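For clarity, chains are labelled A, B, C and D in written order, and residue numbers in each chain start from 1.
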C-alpha cells in the first residue's frame, strides 16, 4: 500500500515532516482508548508538565491542540487579540507571509515589516515603530523564529531587548515551528508570550499536534481578547485542566503516547545536546554548500539556520528539477523553493531525529544530483568539507561509552 | 509505557474512540513522508474520491481536516454562514448542546429547539418555524443525526421533506459523527448540505481527521459567508485541489494511509453490510437491556440508535460507579452519562470495528458489573436474549464461505 | 494482505498460538540490529536471568533456541541422552504421541506407558517400572505436563516423589509447552531436569523461541550424551555464554525484545496472579461446559487443565464442523480434535494473554455454534454459570485500584 | 526499552541481519492466528510457490523451517546424507569453517579443501578428487556460494561443469545465505541439489526462517539418507504438503506475512534489478576502498563479492577498534573480522534493502572512523570515487518515472 516505493530507505530531508525515531513509531502503534478513563488524564498530566521543558518555561501554560502549525498560529492570535488590534509582523519568507495572511484574514491591523528573502527580521523598523508608539497602540509583535523557506533564524532576544528598552507592553508571539526543540529557544528568559510548534518538526513525530505555550501575561490577555474562537479557545482547555480531565474534546491517544516517547528521548539525549547536534549538522551542511561553490540563501551568518539550509542554484538551473530528480533517482526528499525563491533555491532540512551519517548520505546525494542537472560540482567535495568538521566535533554516544 | 495496564485486552465500548482494525493500525505504522512529493497527492486523490461513498454522495466535495469533530463543526458553520445568521438547532443531548454552544459563540442567532433528553428532534417545532418563515430568515438547520449522549437517531429524511414541503432554502447541516459509516446516511438523497464525521468514530481510526463534505449549494454559500475562518477555510483547500497538490498545510501521512486502509476494509465488507451489522449489534444490545429489566434512555423505538445505547439505571445506583467498576475489575470501558443524565445512564457504544462475540463479551461484563453494584440482574439473561437473536441473524463471513 | 478478513477481532481460542498483548507487539515492531554489538548481549543477559523465574528455578540454565516446541523437545533429548538409552514416556494424547515418535526416531528405547485419551499419565506403571529397575537402566522419564490435545494436566510432584522413593537417578524431562507460565510449575522443587516451552504459548508471543531450561544434573549429563546434535547443542551456547556474546548463531532481535516485554508484563502481573487467572478462566470454562450438558474429555477433576478444555460432543455431531463453523460465522478460532479424538472433541484454549470478558465472548460464541450445529443448548446457560463464578472470583486490576 | 539508544538511525552495515524494509515491518506487526484455519495454508501455498523464484528453480521443493542458517545447513545435510558418507567441502573462511565443523559433528567423512582466507574454493583440488573417484565414493560437494567472512564469491557454474565433465553423481549442496536474492544464483541451471538461505540476509527480514530448497534428486536421496533427524526432516513437511495443511508444527504467523511482503517487494523491484543493484553497491564500495588506499581481503576480482566487502587494515591498526568506534561515535554497525582475520579486517555488508545514499552515508562514516583511529585517509576520497561511479550507473526508480 506504499505509493511509489523505491528500494531502501527514503532519505527525508525536507524541513518537516521529519524522520520519526523508531521508539516513537513503536509507542504510537496502538489501539484507541477511552480518554475519559483515569489513564489518559494521568498520562496527559505528565505531558503538560514535561512539555514545558522544550519551551524552557516554568511559568507557561501549554496546550496540545489536535491541529497543525497553521492551527497553532490561529490559536495564538485569536486567544490574545481582538479584531482591529494593531500588530507588527515581519515578512521574510513564505511562512511568515502565510502567517501574515492569516493575521489579516483574522481582521487584525498588521504593520508588515518586509525584508529581502534571505534576510532576518528588520529590527530597526521595529525599533522605530516602538519609539513612535508611546500610547501602545501596538498590541503584539509576531515573529517567526526560524523562517523555514529561507533558512533564516531571527534574534528573539534582541526583540525582547527592544520591547524592554521602550517598556512596551506588546505581546511577543513567536512561531517556533522549525526552531523549538532544535534551536536555542528560551521562552521565559526572552519574555515570549505565546510560543508554538508542530509535532512533525523538531519533536520528530507525525503531524497532528499544534503545541502552544502561553505566558501568564498571554493567559491574562485571553480573558479580554474578543476574537471569535471555539475549537482553538484556551478557555475550554483551562476549564478541563481544572477538572483534571484535561480534554474538551477527543485527543489522539496515539499522539499522546507518541509525545510521551518523544519527550523521553529528548530528555535522554538532553535538550542542550540536541541543540548542539543541530548546530553540528547545520554547520556541516553549510560547509558542504560552500565547498560546492554554491550560495546560501541566508545573507548573513548571524541569521544562519541550524535546522534548514536554502541553497541558491545558478540561474541556468531550475531548483525544482533538483528536487524532482533527487526523489526520482536517489529516493532523496529535498525541500522546494517556495514563492519568491521558487526555482531559485532548494532546501536541505536538517532537523529532528537525524545524525551525522544520515546527513552525509544526503550530501552525497545532493552532489550526484547537482552533477546530474549539469552543475560542475566536484564530487566528494561537500562530503570532504563536512566530514573534516564532523570528525572533529561529533561526540561519542553517551549510552555507549 | 502503558498507563494502568491490565491482563488481556481492553474491551472498548465507549461510543468513540472505537476499536481500530489491525490492518489500519498496520497501515499507520510508518515514517513521515514529504507531502509535496508526487506520492502523497496521488494517494490523497484516491481518498477524496473514495470517501464520498461513505457519505453516499456523488456531487459533494470532501475535506479532510487535521482536526476533531469539534473542528469539523466549526468548519461546517463558518464556511456557510455569516455572523448574525439565524439558524434552527435541536437540543436533545450533550453533543447537540455543545454544538449549539459553538453556534452561539460563533455569533449566529440560534433558535434552540429543545426536547427531553431521550427524545429526538422536535420536528413539529421545525415545521412551525418553517411555516412562519416565508421570507427565509432561517439560513440553516443544524441537526445531530445521532445524539451520542442519549442514543437517539434523528430522522433526516423527514427534515428534508419539511424543507421541501415549504420550499425553504435553508442549508441542512448535519453532524454525522456517530452515524456516518454505521447508520443509513444519504447525503445526496436527503439533500444534506454539509455532513461531517470524525475519524475515531465509525471509520475506526485514531482521532485526527475531521471529515467534512459539502454539497454544491454549500460550496456556493461559502463564497459569500462572512464568518472569519482561516484554518478551517474550504477556500484554501479548493485552491490546492485545483493545483493538484491538495494540502494547504501539512497533513498527517499516517492518517492518510490509515484512511486508505479503513476505506479498503469498508469497501471489502460493503457499506450496506456494515449498516446491517450495526443494526444487528444495536438490536442485540437492546434485547439484552430489556432482559436485564432496565430502561433504554431513548424513549421511542423510532429513535433507537444502532451505534450507542444509553441504559438508564435505577435511582439507587450511580451509573458512574458502573463505568468505574467495569474498568477497574473487567477492563471494560463503558460510556459515562453526561450532563443532565450524569449518574443516571451508562452507555454502551457498539459502533465501528466490532463483531458479535466482542459485543457479547461486553454484555457478559455488564451483567457482572450490574450484579457487583447491587442490581438484581439474572446473570446470563442479557446474553441469552442477545444470542437468541444473533444466532438467527448473523451471516457467514463472505471471505470464508 | 490479510487472508480471509472478517469484521472486528478474531477471537483466538486455540491452545496456541495465543493472543499477544499489545505491548509485546509494539516491542517487536522494530528493525534488525547487529547482534554482535554490546547492546544485544546486554539485553540477552537480562533475559537469561529473568526467564528462570517462569521456570521457578535458581539453579537451572536456560537456552533460547530459535525454534519451536518440537525443536525444544529435540534439544532436551539429544543433549542428555545417547542412542539406545531406555526412557519411560507417557502416551496420553496427540502431543505426547508426537514426542514419543521423536524419541523413537532419535533411536532411544522407549517404554511407552499408554493411558486412555482423557486420562493422565499412569504413574502406577511408572512405579512398577522403577521398582523393577534396581540397576537403573531407565535413563529418563519423559512427561508432558499438560497434554494440549485432551486438556489433561499431569501431577509432576508425584513423579518426583516416585523417583525419590526409589532413589532412581533417571532424568526428569518435562514438556511444559502448554503449562509453563500458566500452570503451577516448579522446576527446582520438583527436581525437573529439563523443562521446556515455546514462545507462542503462555508467554503470549509469536512462535519462534523454544525455551529450554536445564538443571545442573542435566548439564552434567550433556557432557557425556552421545546423541548427534549441532544446531540444538547446549555446548555451543555455553561456550558463547562464557564469552559474554551469548549467541552461537543469529538470534531474532525482534523476539528478544518481545521476550523482554513479555517478561516485564509477567512480572508486573505477578506469576502467581497469572496462575490464579488461569485457574479462574479454566474453572469458568468447565462450568460452562457442564451447564451446556456436555462432557469434558478429561476424565477426572485431578487432571483438569486450566489452559485448555477439550469438550466432547454428542456422537451425532462432528466436532470439526463446530470449529469450521465458529470461524466462518463468528470469527472464533477453536481447536480441532486431533487423531483419536478427531471429530469427537473441540478444544477451547484459555491460556496466555486473556481476561474474563474475552473468555465470555468465546463462550457466548460456542453456545451459538452449538445451536447452529443442532445441539439443543440453552442459550445463555454457559455464560450464566461462568459469570456466577467469575463475578465472585475476579479481583480488581491492581494498577487501577 | 531500546538498549544503548543513540540519536537518529542506526546505520546497519553488518552482512546480516540487514535492514528490513518498512512494508515488511508493517506486515509483521500483527497478532497470532490459528495456523490450522484455512487462511494460513492458503497463504503458505502462495509462499511456497513464489519463493522458488528467488532460487531460480521450477523443479525444486522449498521448505520454510523456523530456524536460522545453521539449522538450514543441518537440514540440507541430514536429509540427503548418511553417517560416514564422504563429502568434499571447501574451507575458505569462518562460515565455511563452521559448516565443516557441523559436517564433521554429524559424522560425515569430510575432505576439507582449504584455501587462503581471501581466496575462493580451490576447484583444481576438486577436479583432482573427482578424477580419482571413478567409483563415486564422494556423495556430496558442499560449498558456500558467498563466504561472508572474507567477501569471496565462488563460481558455482564451474563446480557444476566439473561434476558434469566427470559425470559424477555427487550431490551439490550450496550455502546461499549471503548470496541468494542478492547475487546471481541459478539453482536449476547450475544443477544445485540443495540450496539454502536465511530470512535475515538478502530477503531483508528478521531472523527466523531457514529456507531450504531441494532438487528432485535431493528429494530422492532423502528417502534413503540415514542421518538421524526429526525437527529438520523434510519427510514430515512433505506429508503435510500433501494434506494441504503444510505445517508439521507451529510456524510464525508474523514471519509468513513478512515473507509475503518481502516477496512482493522483490517481485516489484525485479530479481534481476536487485542483482544489478547489489553489483552497483558492491562496485561502489570497492572503489571507495581503493580510493582510501586500503586492500580488499578478496585476492582476485573474479571472487569479489557484491554483498560484503572485507577491508584489510594496516597492521598498526586493530580492525576491532574500527568496528567499536564506528558504533560508539557514529551509530554505524560494521562487521568484525572473524577468526583468522580477526583484528585484520573489518567488513561492510551491502546486501538486502539498501540504496545508494545509505551506502554513501556508511562510506562517509568509515572515512571518519579511519581518520579517528589514525589512518591517514583523505576525507571525501572514497565517497568521491563511489559517487563518480554511482552517478553514472544508478537508474531512475521505475515507479517514479
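General remarks:
Just so we're on the same page, contacts are C-beta pairs under 8 Å (C-beta built on N, C-alpha and C of every residue); 3 or more make two chains touch, one makes a residue touch a chain.
These figures come from a predicted structure and were not determined experimentally.
When the C-beta contacts at A-C and at C-D are tallied, the pair with the greater total is C-D. The most distant chain from chain D, with centres taken as the mean of CA atoms, is B. Each chain gets one centre point, the mean of its Cα atoms, and the points for chain C and chain D are 34 Å apart.
Centroids of chain A and chain D (each the mean of its C-alpha atoms) stand 44 Å apart.
Chain A and chain C have CA centres that are 53 Å apart.
Annotation for chain B: residues touching 2 or more other chains are 1, 4, 19, 22, 25, 27, 29-31, 38, 327, 400.
For chain A in complex with chain D, the touching residues are 1-2, 4-9, 11, 19, 21-23, 29, 265, 268-269, 274, 277, 327-332, 353-365, 367-368, 371-372, 378-381, 383-388, 390-391, 394-397, 399-401.
Note for the complex: chain C touches chain A at residues 22, 25-27, 29-31, 38, 400.
Residues of chain A touching chain B in their complex: 1-4, 10, 12, 14, 16-20, 25, 27-40, 42-43, 66-71, 74, 83, 101-102, 105-107, 198, 200, 206-208, 227-233, 248-255, 257, 260-261, 327, 333, 335-336.
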